[in-house]
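Read through the structures below before going on.
Both complexes shown next keep subunit A, but they swap its partner, so subunit B is in the first and subunit C is in the second.
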Partner chain A sequence: MTAIPIARLTPLAWLRAGPLGVIWRSPRATTGAVIILLIAVLALLAPLISSYDPSSGAFTPWIKPGVGHLLGTTALGQDIFTQMLYGARLTLLIGIASGLISTAIGTALGLTAAYYGGRTGEVINTVTNIFLVLPGLPLLIIVSAFLRGGGVWAIILVISLTGWAWGARVLRSQALTLRNRDFIHAAVSTGESPARIIFKEMLPNLAGIIAANFFGTALYAVLSEAALSFIGIGDVSKVTWGTMLYWAQAKNALLQGAWWWVGAPGLGIAVLGMAFAFLNFGVDEISNPRSNHAGKATRVLRRKSVPKVVDAAGLPLMSIQHLDAGYVTPSGPVRAVRDVSLDVAPGEFLGLAGESGCGKSTLAFAATRLLDAPGAVFGGEARLAGQDLLSLTPEELRRTRWKDYSLVFQASMNILNPVIKVREQVYDAMQAHGVHDKTKLEARARELFELVGIRPDYLDAFPHQLSGGMKQRVVIAIALALEPKLVVMDEPTTALDVVVQRQILQEIDQVRRRLGISIIFITHDLSLLVEMSDRIAIMYAGEVVEEAPAQQIYTAPKHPYTQRLMTAFPPLSGARERREGIPGRPPSLAQEIVGCPFYERCAVHLPGTCDVKKPANVEVEPGHRVACFLQSPAVKPAVYQEEHDLASD
Partner chain B sequence: MNYLLRKFGLLLFTLWIAATLNFILPRLVPGDPVGAMMAKYQGQLTPAAADALRVAYGLNDQGSMSHQYFIYLGKLLRGDFGLSISQFPTPVIDVIALAAPWTIGLIGVTTIISFLLGSGLGLYSAWKRGSPLADWMPPVALFLNSMPYFWFALLLLYLFALKSSVFPLSGNLDPFIGEAWTAKWWSSMLRHAALPALTIIVTAAGGWLITMRNNVMGVMGEDYLAFARAKGLSEGRIVNRYVLKNALLPSLTSFGMALGFVVGGSILVETVFSYPGLGFYLYSAVAAVDYPLMQAIFLIIAAAVLIANFIVDMLYAVLDPRVRDGK
Partner chain C sequence: MTSPATDATARSPQATSLPALELGGLTKVFVVGRGGKKVTAVNNVSLHIGRGEVLALVGESGSGKSTIARLIAHLHEPSSGSMKLSGQVVPNNLRGAALTKFRKHVQMIFQDPYGSLNGLNTIGYILSRPLVIHGIARGKDIPAQVNTLLERVGLAPGATWAAKKPHELSGGQRQRVVIARALAARPELILADEPTSALDVSIRLDIMNLLLDLKDQEGLSMLFITHDLAGARYMADRVSVMYTGYIVEIGPSDQVIDAPQHPYTQLLRSAAPKPDEAMRPERVEARGEVPDLSNLPPGCPFEPRCPQARAACREGLPRMYDVGPGHQARCILHDPALAQQPLLHPERAPTV
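Let's turn to the complex of A and B:
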């Protein structure tokens, strides 16, 4: 099913598919690779390109660059262009060989340290640290000075022996995180040999880092060779770009005005070095993709203009209308939220449930403009008290955030800034919205901590001194600081243990009843929602398929998907029975879905209807909306086609 | 506290390794280093100097290796590095005392400037990602950082000292400058230091730019940044208290390696400008096969880099509360 027919691959596809495929996915790395290949080709074809001998001084000395001698001649009458061509051979050899050797040493030591840990790891770690801080070039100089006359391979060896430490450190830390992953634990417990685990399981996952490290050390090697040659250590009778600089300096090329003699090999080294650096940088960028939260506000790519503010009277507190949102990817847009409309009344607890990847978090983040790039809103409205959040300028948005609505993210170890005190992180939310009086800040902070059940002393703590549950309480305290009308909670307790989860949920419930705030609570835990919510909306494949008061969803679910979901969770009371999952997978959100998104997995679907038309979301009972042809024959009108077009631009 | 003790332990241990390396190396080379020097100097080396050398290497001493080793360590602790060959009979320690302040001044000041400049630009380049200026910075930085230091030094020398004599060709001061610390002395000192300093700053800042850019991008993916943004904090506050404070920490961790690299590069920069610091003397010592001077300079440079690293480790403990608690 997933196999791609070979015939469809372009002739060069193996370049992308192979282990070095990362290189071609980064324009920077590609540039680097092309430069190095070019230099390598020139070096290999040197005898074809130039008929001169690189070391024979057959010409008049100090000829300027010109037609006969592209880069002029040396003081000894050698052709500099020819020397550049031949010199590239040894320069490349030294760079690549040293890069390979030191990467091999670094990889072996780093992986061993990470795999075995304990005493072995400690010893390797100490040795690595020593080599890291010992200044490389002075060490190189002193060692090479004693090994003088050892030839090229002695230089390669010395460079490799001083250059491996950084790679070992980076690899160790990466391998350590890998070592703690489930599949490695599984391999260890099934009794696979260490060598097999290291080479077959861990190494492939570290390929990108190892490649980046190789290019980094190759750069170091090229520069080190140049430096050593320049001060005359090493074999200056061999032609490398480094020894060319040595002779240029020894013969006072610059005093003679022969800048080309110095310029050419130096530029060669710099360009070759840059090519290695580009590869290092590019491969690293691709193999460690970094998400980021730097965008000031989610991009809104709406075509239709909407009024910025409408009269809030008679409107629900939060009103999401026909929201279309998702991600802009190189292979086209992914519409994770599809024409979703939802209202939240003042003081209401709205539960939003669905499987992972159904778009529930995307919906919450898009509506509050917190969806990070490449996320974007393609269309629709999200009004809080009549004001369209999607029309706000970044500064207006900044002022609205936290004051009118706040967010509680999934519990995470890094949700609080590790290097500043908890107090400052409680204060700054209030300070950003105009509370500056120190005594007020302090009083409010203590009050909030009491509210969520933490001793106010913890205001003086740093985040690492708090447990996961306490951190999440701090986050909730911060979310309540300015008594916003709406708090969006995205799986706030999923990562916590059951006891802490229960305590925190009870506190959230008490607080919201006392303060009368509305809550949108996102989770995949339906049984929890049934207990806590006033109303529940069920999402599937980017659409809200059912929406009803919590009790009704629990006792009389109407959509086949909701019905399956309800039986997938054990009831709170009653006899134990066999639980069944839902076979199949949700459809890909990168494609257009013609009929009902649940069609494939639905046991009661109507072929010829459900797979060709989209059911409209219809209120079948007061307050109970559902999109299913079994409940209503209404077909969804294609009114919002305009935005859909935009999404596929 | 535990953390700093451990770091201090590593400092002493590394110093000891460096010193031991220094002891073993001459003994690993086939033949007698003194013989090699005698050959090189073709009789210019007086018998007295040769004897001094043999003493310096413990070659007159037929005692056991371990005995020689402890004598060597004892001498090191007293700052006795023996006599310089190329400047016989000046004690090596005197040469170093003369040269060290120039190197420490040059590298110290330029390292701080390039760190601040590079990190600042790196922060800009990551934070404003997508704007043309910010996106052009990394490739340029990678190129500058890939230039051999000494080559860039040669270019500057050619352009600003040879072609147009804006700056002096070599040395650290004008001859016969008189009293130190006078206005005239300062101006001469700065004019001589300008090109070497510029070389180090231009080539080293690129490295810091890349490091800082990577760190900032790492921080930008952290959950606490998304949370800070959701809180509606001002951009200035997010940059100062959330991004910068966290992104600087890994920069400090990589400081050790980077410093070693800068020091290595500076050795050659001093050579190009005949700037009479440790690097210049190391080069001269290599050219003159002056092993005692070479080894002493290596040890001193290693010690200086290690101490600088230790200072950075202390700074790290001040900036990162997790380290203070030993986590």
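Let's turn to the complex of A and C:
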């Protein structure tokens, strides 16, 4: 990776990367920006576009829209098109100025409240809440009644004063989460001054939210101005889209059939409001993504394939053959799983280990048809009890998933809906697969809870009443609900405490022995994996480089990578001596890898061999497979070339 | 160098030299929620860290480990208790210039290398701040100093790395930057709050080795927070074990981890992964949940889960008993008289 020198960015790239970049990354926001720019240009060029005076009533009243007067004339004989052009000036000014002022107030108060917390925070919070609960329009009316005759700036002031609170609230909550981020703690403990922390560290990170807030309040200002002017508070001698509406109403335009007099400013306000709303949503969407993984995990990629079911007798429960999978990105395919073949026997506990980014999760997702776009399966097959999962229709897949196999992820506990009782959520999984009898559901739910070590009374709890460890157990209980043959677990306990982790793993192990289910367990905690697994597969750069019974992987690893990996964590007992990590980093999966993927980091490689040829994955002892030239001279055939071509389409 | 952590007895601070840090009865009470519920996150903690010594702090999630580090770093103000840095009293309510000056001496390393660097700034900028704030370098010296720092943590050539932004670095590289930032102010004490738990196994070892090397080169003292007992054993001269805000055991690493004397430490040890043994389901005995910090049992906080509990355990907080040289445990089993009492929960007693 190389640094991108900021100075060398082209103007267009700067626009995208710069602070306003968010606008160009969201189509909605771009639309909004273009509309507003267009209105602004028309407003600025008003004298060039129209030679009329917006307020002089020099024409015949009530002319219909036509050639001379594009939008007709008013009861006072003014040209409405000209009024629209000039009115846009004040309307935009009011929108933007009020937006700026209230955003500034909201930002300052929100940030201060978040940074200082304590009493300062409480006071600001109370004031904000008071402004939030005060009904907007009546307040506007009362305040502007006092400021009557103050002109446009009085209106701007009034709108800003009533419009800042919502932004302050949003900003405070965002800034509070930011305040608790470690880089802010780090700045504090380095000795940075509060001003610098607020302006240099926090503010830039909130830019998107502040921008969204500005567009939101600008929208509010445009609408408030229209409302105020419409009821005649405001300075009706000035031309704005709002006062146009006021005059149209005062002269009974609609009764006179002069719909255009109401329609033009009305539509103008609506379009401008929409443009601000688009900007607000668009910027908010991008700078404040609420990730929704639970929902995403159901999108799948289906591969067209030939045979569907083969005879399952005598076969492994799960059989992955020459699986190729990865991600399709704008800069080309990332081949995160490269020609992986793996079998899982019935009742077996298979551990899958390897450095972060080596493709463990991609393998698990691809083999179970859970890989999200941009993820894709490029080739190979994955059979569960003889059935090719990769060629199932979505309907067949829905029936198979949970019943034949289920999955548990590290963040699985977040799939629990916080407002629904745990019981309902456990029932749901079973009901979806045809268990409807209430007593059966209840009995099974209790049984499941006991299985994973939670008191059945907790069925009546809401998820937020449970600790992280208990939530994760509930998810495991749901995964076991239909007694699947296979459970895939991707770091299910990594976020949990050691003791809790141990309890859950014991539970899982007992359940598996009792029910005879197979488990694929992914983690990078090797010492744990060695202890738990029957067999372990070690992945490196998308490939399985070694596969053997757990104790053999630990005591007699054959691949140089596994050998380094097994001494790369300190032991709990034995001599306290210095150990070394593995120097270097794995190769990028976005590129073609020539030779053994471990070659560059391997201390014992054979020059002229390891760097030019790929070692084949060979069974060197019964049940022990390795891909290393030190173990076998076999060269891997280039089988997946054609699949790779497929990937780059 | 053969021993990862310098041998406790050979390197322990001479009785004459002052410890780098001394905590006396440090307590932190948080008031949470509208009801004014009080949570005692750190309860009457006294400990010391010798010069050039690594003290590990292990314990359950929520036991108050991070809170201790934040109290020492003055990110929180202690509710009570005292603190001495190199023998000098540090007031609990430090403010302004005195606080900035104090911060030069104590630096933190955080757990998440992704969260602890501001993604909008370059590495160079991030590292220049402590240099500027503490007047260590100015003007033209800054880039040179930044480069030296980067090279000291193994990111050479420094100038290349300084120009990058955090998103261009891997987790391990980021954590090196975080360590470089902590070193910039030339502190005496480093508070490392789970500096390796967000990292990959092999990178974890690199970072631990880096911290050990820096400690030896610069004579740093370190509080090393972790929930990995094997890591604590690798890094630390001494280990302290926390449970619900209390220190329940403290002593030399090999003794505390190889022969734990408090039932909670024993539980922790039995829960730790042990690749040398196959999974034995019956091994971990303590069930139940960690007690609510705002409503602790009157006696030993571990009593509700403890397989060894006796009647005496409910009668008040056990004191710290001496169980070996420089080794203490907060458990009545070390009082020969009380240990005679019958078990409260014979059914929980270990089966093996």
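The rule is simple: the second predicted complex is superposed on the first by the 565 of 649 C-alpha atoms of A that agree within 3 Å, B and C clash if a C-alpha of one lies under 4 Å from a C-alpha of the other, contacts with A are read in each partner's own complex, and residues count from 1 in each chain.
Basically, a contact is a pair of C-beta atoms (placed from the backbone, for glycine too) under 8 Å apart; a residue touches a chain by one contact, two chains touch by 3 or more.
The model shown is predicted, which means the values in this text are computed figures rather than measured ones.
Contacts of A:Arg564 after superposition on the shared chain: subunit C is touched, whereas subunit B is not. Within the superposed three-chain model, A:Leu223 lies in touch with subunit B and out of touch with subunit C [touch as defined at top].
With both complexes superposed, B is the one of subunit B and subunit C in contact with more subunit A residues. Applying the stated contact rule after C-alpha superposition, one finds that A:Ala432 touches subunit B and leaves subunit C untouched.
Contacts of A:Gln503 after superposition on the shared chain: subunit C is touched, whereas subunit B is not. Of the two partner chains placed around the shared chain by superposition, subunit B is the only one that A:Leu139 touches, whereas subunit C remains out of contact. By the document's definition of touching, neither partner reaches A:Leu71: not subunit B, not subunit C.
When the shared chain is aligned, subunit B comes close enough to touch A:Ser406, but subunit C does not. In the superposition on chain A, contact of A:Arg28 is made with subunit B only, not with subunit C. When the shared chain is aligned, subunit B comes close enough to touch A:Ala270, but subunit C does not.
Counting contacts by the rule stated earlier, no residue of subunit A appears in both its interface with subunit B and its interface with subunit C.
Those residues of subunit C that touch subunit A in the shared complex are 1-5, 60-61, 70, 73-75, 99-100, 103-104, 106-108, 110-112, 115-120, 129-130, 133-134, 160, 163-165, 168, 170-171, 178, 181, 185, 200-206, 208-209, 212, 227-231, 233-234, 253-254, 257-258, 267-279, 281, 283-284, 286-287, 289. Touching subunit C in their complex are the following residues of subunit A: 1, 3, 5, 181-183, 185-192, 201, 204-205, 355-356, 453, 467, 496-499, 501-503, 505-506, 509-510, 524-528, 530-532, 551, 554, 564-565, 568-573, 576-582, 585. Residue ranges on subunit A touching subunit B, taken from their complex, read 28, 126, 129-130, 132-143, 145-147, 165-166, 219, 223, 226-227, 230-233, 245, 249, 254-255, 259, 262-263, 266, 269-274, 276-278, 281, 284, 290-294, 296, 368, 370, 372, 397-403, 406-407, 409, 412, 414-420, 424, 428-429, 432-433, 462, 464-465, 475, 478. Remark: subunit B residues 10, 13-14, 17-18, 21-22, 25-26, 28-29, 33, 127, 129, 138-139, 142-143, 145-152, 154-155, 157-158, 162, 210, 214, 217-218, 220-235, 237, 241-242, 245-246, 249, 256-257, 259-261, 263-265, 267-268, 271, 282-283, 286-287, 289, 291, 294-295, 297-298, 301-302, 305-306, 309, 319-322, 325, 327 touch subunit A in the complex.
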